[in-house]
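Okay, got some structures for you below.
One chain, subunit A, links the two complexes that follow: it is found with subunit B in the first and with subunit C in the second.
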Partner chain A sequence: MEKVSVWSSNRFWRRSATWVTGVSAVLLILLTFDSMAQMKMGTAADLKNKVDKRIPSPTVINYKIDYQLSRARGHEVPIIGGMDANGKSKYEVKEKFFGRDNYSEEEARTLIHKGKLTIQAKNCMDCHTFLGNGAYYAPDLTKAWLDPTWETLAPAYGGKEYAIAAFLQNPPAMAMHERKMPNLGITKDEAKAVVAYLKFMSAIDTNGFPRNFGKIKGAVNAWK
Partner chain B sequence: MHGNRLYEGQKLALKYYFVAMVLFGAQLLFGLLAAIQFLYPDFLFGILDFSINRMVHINALVVWLLYAMIGAVYWLLPDEAQREVVGIKFGNLAFYVLTAAVAVVVLVYLFIQVGPGKESTIWFITEGREYIEAPRWADIGIVAVVLIFLYNVYATVMSGQRTGILAVLMADLIALAGLYLAGMFYTDNIAIDQYWWWWVVHLWVEATWEVYVAAVGGYILMKTLNANRKVVEMWLWIEVAMMFGSGILGLGHHYFWIGTPEYWWEIGALFSALEPVPLVGLFVHVLYDWGKERGKGNQINNTPAFAWLTVETFGNFLGAGVWGFMHTLPQINLYTHGTQWPAAHGHLAFFGAYVAILIGAIYLALQKKAGLEKLKMSKAGWWAISLITVGVLFMTVALTLSAYTQTMVERGMYGATWEGYFAAQANEWFWQGMCWRLITGLMVIAGYALLMYDMIRLAKKAPASEAEVSTAAA
Partner chain C sequence: MCIEPCRDVVCTFWSILNQGPMTLTITLHTLIVLPMVWIYFDEKKKMERGDIPTE
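Here is the complex of A and B:
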């Protein structure tokens, strides 16, 4: 019998396919273990001990949050509780959230739990994007807590958390554009929880997404 | 030989195909409503908001593709295994259970829409996670139905012929079903939520579904061109190696900005950049086989099915491959992520990779149902494929223009703020793209109407030669 070239052998390709798939799957699983460890939500103790976490403790809502260029990493990073001379978070400067800056770990967790449930229950992701994923009918909410629009509304409401909460409870009443957000029946408690979630989310380290957030407006008309 | 008679499995396939085509219509209808809302935001405001239309638009797409995918498996399974589907009674029962569940889910989407921020909403109204919004009770029901489906497939193949195509499908379907479990849990950590959510979404559409398409594409090639099984199956294994080799770790291109470690930049960029390679391969393979068979003087047995298969390979390469590559590198994706870019890519990719081939598979079934030796493209069928293909292609171009504008204005000029978002949405070039999207959407709907007309006409055709076949057999 004539010798069949390996390149036209079904058996060879079947084995190759099995090996390639197996190796890829094993690599993905190993990488997933590492990613899960790095993405675990931090604790209040981490914040106290100034440990940088990709996803900080929900008690981050007690702190002032900013988003600044890190020279070391070459892109913007969340700055929690003030920035030191090296462009890193100081975890010191607090900021009142609905009148308090001493939410316990448990209180903060309960709050963002309700916030996340509300975000899912109201289908926010089918108009907005979170961490850039979702629908494209409304603005990205990754850093919504830091959006300059809320700074301009904050004084009239006694703080931006109050302004956002008021907006969420009756969006058409505060509509700023022809394309309005509908009234989704968000209650006062749910609104507070959603705002907590937005503040918490703005402290997630997204590797510099979105770029130049709130920094530029055209070439000459800078925000800050 | 089974002659012109249909296996029970194939009769079940026709039921799946029927629901799939109805849901295809629903997908287009709700897509139309959402497209109108981009231009006239007050349209149906407070009654059927964009979020609902968009959710039904995409859920209908996903569900009809799954229906047609299950249908195509029930169709080719007895034909390949050379025996009736084992446990077909359960298969039929599962079909009715699944269809009833889908109906309930859609009615709840449309009439209840949203719920309070509690666990009960996640269980009974919506999970609120893009693409897989179906509430948890439905998730569990889907898993039960899929287990029956897998039982049908495995039991049939075990006791019948085990071809290469069936071997690939068996491995692929179990992965496809297993991955759904990754989307069935709740966490407060949105980064981890999205990490696993992509396991379902990406490892479906950029890995297991692609391999599925390669397997079914091989079957269609054999049926429409009498292509050589050995060559088709060898090519299929090469495709599996390339698709899983690039697609599994290509998952990394969704892990650039969601709170994941930086190493995903390099992994995601490298492997997702390789993802178009197998798609070029499919395209070349189909045209090569066509040329070879034509050289031998052979004719195509089913021109509509073959035409849709050709559209599939081209659309898959262009929509998934080229349009995907355009924004897959992190250096570009930093600015395009979360804009109309993925919308442009998604429309052509889903149409090219999945819609086209499944329409082809349905034509293949209709040919046999009508008992036709050869099926020629009808005038309506020709207009349908032309209007739909050109419509989706132009829609993609229109969305790409809007996407460019959005990226430059919102991300480049304004740094992604709320104000920047609306500045981009109001930009004239963005708006023009949205107008063209609506117009091309109407083209697709016209094409769908003709497609349904053509298919229903074929489906109603009584098997003309049934009497002759039975006398010939006797």
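Here is the complex of A and C:
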């Protein structure tokens, strides 16, 4: 029998490369559809029926949002409407947002959309990051709603949503960092919408990003 | 228990598969490397038979 070397055969490598490329392409297409399913926004009915979604319905602004370590998943996860004994969201505890906890899906969606448009119009990402995207000059805002600083300020303003809105309307007056945020001329309505967007965003399950949020001194709670 | 319950937010085929590095590794090797082993022996057989003209 003739002695052959498959390793130095072009055909072998060509067939292998074709196979690997083909399988990888199919895998990537399937994973794309999986990602799309994972990123599909939940509905108000999901919140009512206690169905976990990575991106909850905009009506999540009616609920209390917390960020707790999940031992099972090994990182912090958003807890919506209180936490049960297993460390999962209960979707029960409501929290007033600008005096109301009964925003309809339509109202909440409109508010969050206005918040998104304001964030884009004011170019927040020139300095900040949202969900990790943007510039690294100012803090990441993914979980800004959960920054303990606002809890400290809340009593003086009648709630943390009012404190954040007041800050947004005139940041230099409430400067809490050496890199002072400029006054961007955000109106009262725009500020309310931005706060709604921030609250909604803090309820998005980001697989623990940013890690240890609220625990690292200096990163948050700059006033302390 | 060998197979852990899915811990992901939204459980899918992929999140069940990706329990840890090992499950994903075994799957990808089954999908990609094992057929390559078959391709290797298939090519070897053809070459030994002289089915393939020299390039």
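Everything below uses one rule, namely that the second predicted complex is superposed on the first by the 187 of 224 C-alpha atoms of A that agree within 3 Å, B and C clash if a C-alpha of one lies under 4 Å from a C-alpha of the other, contacts with A are read in each partner's own complex, and residues count from 1 in each chain.
Everything that follows uses one rule, which is that a contact is a pair of C-beta atoms (placed from the backbone, for glycine too) under 8 Å apart; a residue touches a chain by one contact, two chains touch by 3 or more.
From a predicted model like this one, the values you see are computed outputs, not experimental measurements.
Within the superposed three-chain model, A:V4 lies in touch with subunit C and out of touch with subunit B [touch as defined at top]. Number of subunit A residues touched is higher for B, counting subunit B against subunit C. Once the two complexes are overlaid on the shared chain, A:R54 sits against subunit B and subunit C alike. Using the contact criterion defined above for the overlaid structures, shared-chain residue A:I204 touches subunit B, although it does not reach subunit C. In the superposed pair of complexes, A:Q38 makes contact with subunit B and with subunit C alike. Once the two complexes are laid over each other on the shared chain, residue contacts for A:A72 go to subunit C alone; subunit B is not touched.
Where the contact sets of subunit A with subunit B and with subunit C meet, they give residues 9-10, 16, 20, 24, 27, 31, 34, 38, 54, 205.
For subunit C in complex with subunit A, the residues that touch the partner chain are 7, 9-10, 12-14, 31-32, 35-36, 39-40, 43-44, 47-48, 50, 52, 55. Residues 1-2, 4, 6, 9-12, 15-16, 19-20, 23-24, 27, 30-31, 34, 37-38, 52-54, 72-73, 77, 205 of subunit A are the ones that touch subunit C when the two sit in their complex. Note for the complex: subunit B touches subunit A at residues 34, 37-38, 41-42, 45-46, 49-52, 54-55, 113-119, 121-122, 125-130, 133, 164, 167, 186, 188-192, 194-195, 197, 230, 233-234, 237-238, 240-241, 244-245, 248-249, 251, 254-265, 267, 334-335, 337-340, 342-343, 406, 411, 413-422, 425. For subunit A in complex with subunit B, the touching residues are 8-10, 13-14, 16-17, 20-21, 24-25, 27-28, 31-32, 34-36, 38-41, 54-55, 58, 109, 112-127, 129-140, 142-144, 147-149, 176-180, 182-187, 190, 193-194, 201, 204-218, 223.
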